[in-house]
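A single structure is presented below for examination.
Should a chain be cited, it is by its letter among A, B, C and D, assigned in written order, with residues numbered from 1 in that chain.
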């Protein structure tokens, strides 16, 4: 039996969710809700069978709606998700989950009380390439992880209410949180700049210090001439380059690295360098959003926690808050206190 | 009349200088000096006509030696350059000029007293691509510069006495100092990590804040699976991507950017996006070191200041010192006081 | 007033046409026709408002259908297009127009008698990059064209009824026919091989000789490990590289070439080499099929000839026939007699 | 004991041979011979210890010269190599071995009579990447080879006496001859064009038909805006892409292909497609010429046949002759009769 769905918000990202909920065998898209009439007209043209409204109340009045997907501006996420949970429906919220960690905390508690699914749209956790990287990491072949370095830049839309960390770096933080699940981040130093006066920062560099000599770095930028989506992950034994724009070999695993040996006699360290073959695991086909929509439906049916649950959303929002604060302090580190 | 030259130090970089001084029409390579006998054997095999020694004194005793090039480990630069200047010879010192700004200051004063050329081997200032970028910038076509972002990573030799800022970022800082000659850097925030216990940092991220809303960022890394040498420069009107590894189009100038207009009536900013043609200026052929060697000879002959003079070396060393201090403070900013 | 459309055939390519006819403001997609019930089920799911049938007669009985698009296997094109034209409707036929030039000739005559649009789906003629190249060529900046070289390879579906010339090279021949409109092809030499016994050739190399020292070459291959879509066009003054898979600079115009001068005194030719800047014209956004669908609608409304009309289809089919014959003769040239 | 060497010809390629013979531990470069005085001046500047002359006789008078390397224009190879062999010295001749297969045949016979090494400078046989490909092929992992496709284009020097097959395609033919050592080529079809009136063809396409459904194709071009050096090799099980300009992964082995199964019941072939991981074997460091020079020295010392012996030179020259003849016939096939 398929799960009844409504999508709230049809601006930039919403139509992708609409399409995937419409096409999935596991979900029945019953409603699309938006305040802008033109957007609903476009939905009607493509999906004449879907009901349209500009009132969330009307959606909540339909008992066949099991889960609601919120794809509105981030400052509205909290109020809408709260309303949905209080109406005893499951909710999937576009990233970032809320515009403050305090609000995320409230939603987590509410979802727990109501025994409902609270899921955040950390899309890349459902991307087959990121899944494949997680498998490589979990296999242990990289050895102990040394660093994570991600670049996500292009000439992108300047957001008015949030800085580039909330809009772009959120993806890398979510990927990082998913891939590095067994080490604890402890502090963040970030720098950034707002090139349009009075607007939020349009470019940012964020370093996240982990326990035990691991470091992560993210470069997020709305004002770059080229589109780059590249992540390096280096372990003690092997290293990964993940280029999401590469058409054929998106993931390359290099048998490269250094070996450190302690020469007792010589009382010095010897560092030797290894450079071997490279291996590019096949990335299974499939669209991230399709996988995500299936996962949401499954969580609703089985009552299980989402991979990108409220806690994942909380950790990411707390890191963005720390990063934004560090930017104000021109890089001075901000301690993290993650759950 | 050609200028008499000696090269001191024949380890990793010295042989490149030896080759260029040997091949240049403007210089006569008279001596190569090194403490390691095997290195001198290699020089003898290729350049039987060059005199060899392990004593700088012997070189300084040759009245036909006008200029001496120091290509030894950086902690020895100061003492050797001082000895050369005190013997009233011109000196070209491998980067970094010294391992502290205080020593650089002393060399600058000494060179001034002795009226001798003090030049630092900031090789990229003599690279035809960097020269071409400077021309593009000086033409004004980019508009006001907004940021400089440079990545210089590969699986490189771990240095024992200096961190990766002294070894790799020094190139980007020298390029940045050369290209952005009309704006003033005011503070640096940097983060980094040493993956080999007891050794200096092998990867670092450095943000340099300039006056008037300009920011520069450098990623330097000895422990990366791939070699990247890429610099982005964005102006208000156009943007540059410089990829030093690109065989054909090393410099791309994009007619891309944003236009900000103030809608008085609406009391809000309108940001519009432009995306036009791309233009790749031809980079003239020629090796950087060849140009540099010619420049050193010319400065000796004419008594003119080198493009990469002591002051350039001083500014770069001061920025590395500030960066290294900020790394110790996990990103807390360090003010710059550049001459 | 929008033009009434039916699409016949919903296998591999048909759904793309369906989507574009559905989304275009200029057309009203009234019918989709296919013999395979499952395909119609998929159409119903996405486009519930479109009427479905497995009988062309039913489509032709609808007076509001102005134009019919045939996207069935190529051996059925002739009979279906004939039926459509005889029912006095305009027709757009997937490439290749027919599986023989004789049949194409008949369709051309029939379309003329009935005063109907006969258009072939040479998609790349509506691709913004190919349009931009045509503009560069027509501007004269390349000088006299010297050669056209195109590579179109990937691991593609092996067709059972036609060789790779009919399936892949047809695109390059259509592009070539469009771009080189002022020179006349005179003969073709082609080689190829069928790696699956009893099946048509899955890879082919085709050289087309033009009058006046111009040559074109096409490599088409269904059995390649990587996807390549690259075309070189060299003129006497400048040269173009068109890489359809390149995300940002799809077209590069190089100010490169040779200059031949006749040294009377020396009684020999001097060839000098030029290498200057490179320029990448911005390719306007837009999907080829969207442009094509608009063009079909416009031709129906205005009665004008299509850019890819029956004659274009005829020239391309004749070249494929000559190429296929030459393949049988292991490269022996076959003269062309194009209209 | 090192082998005494002379190099005859110091134009474009000779200096590379000079450098490698000079630097090798196994050879003693005793003489460089050229008719152009300026070239000898350059040699003297870099290698003051080497004796210079413009008379081959002087070289042959030195009893310590064991082997002579001919790097002169190809029409002079035969006479010079003959003179060397008749003086009972070993000879290494730049590619192509001679400008006709008849002359090659004579040299082979002469070398046999005199029991001397006759080696041709098929450089790529000593290239570590080509060696690595040969190992992959010999391992059988590709399955039965289906095709070889090579592109070698750039803006290169127009030769006056020979067409582009003799100058560029010779490399690919030598590689092909080396890699495909267990299948027999039977005919060649080639097309080409001379864009400068009265000069030899500056671009050519060559198809080589092998026994048993294997085909090879080479595109050689002096008039291309970009430099391409890419070879595809497809087997029944796996496929190789070799890009000699790729800095890091020069060889990629794709676990891709088709599987053909014969469905007896259905009386039709089923073709299924495989697409798996990609593997990039590490290419050992080392310069081809360095390996080649060592091999020549070893053949001289041991009296063994060179890998690129006279017979290899003969096969390649016969293929070039067949290709050139086919070009005259606009692609009509020319049978091969290889030894």
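In this section, contacts are C-beta pairs under 8 Å (C-beta built on N, C-alpha and C of every residue); 3 or more make two chains touch, one makes a residue touch a chain.
Just so we're clear, the structure is a prediction, and the values are computed from it rather than from any experiment.
**Student:** By the touch rule set out at the top, what is the minimum number of steps from chain A to chain D?
**Tutor:** Minimum step count, chain A to chain D: 1.
**Student:** Would you say A-B or B-C is joined by more C-beta pairs in contact?
**Tutor:** Taking the two pairs in turn, the one with more contacts turns out to be A-B.
**Student:** So how far apart, in whole Å, are chain A and chain B when each is placed at the average of its C-alpha atoms?
**Tutor:** Distance between chain centres, rounded to whole Å: 39 Å.
**Student:** Using the average of all C-alpha atoms in each chain as its centre, how far is it in Å between chain B and chain C?
**Tutor:** 52
**Student:** Which chain D residues touch at least two other chains?
**Tutor:** 226, 248, 252, 275
**Student:** Quick one: which bits of chain D touch chain C in the complex? Just the residue numbers, please.
**Tutor:** 146-147, 149, 151, 153, 155, 157-158, 187, 189-196, 198-199, 203, 205, 207, 209, 213, 215, 217, 219, 221, 223-226, 232, 234, 239-241, 252, 254, 256-258, 260, 269, 271, 273, 275, 326, 329-333
**Student:** What residues on chain D touch chain A, complex-wise?
**Tutor:** Within the complex, chain D contacts chain A at residues 248-249, 252, 255, 275-282.
**Student:** Considering the complex alone, what residue numbers of chain A touch chain C?
**Tutor:** So the residues of chain A touching chain C come out as 22-23, 45-46, 48-49, 226-227, 245, 247-248.
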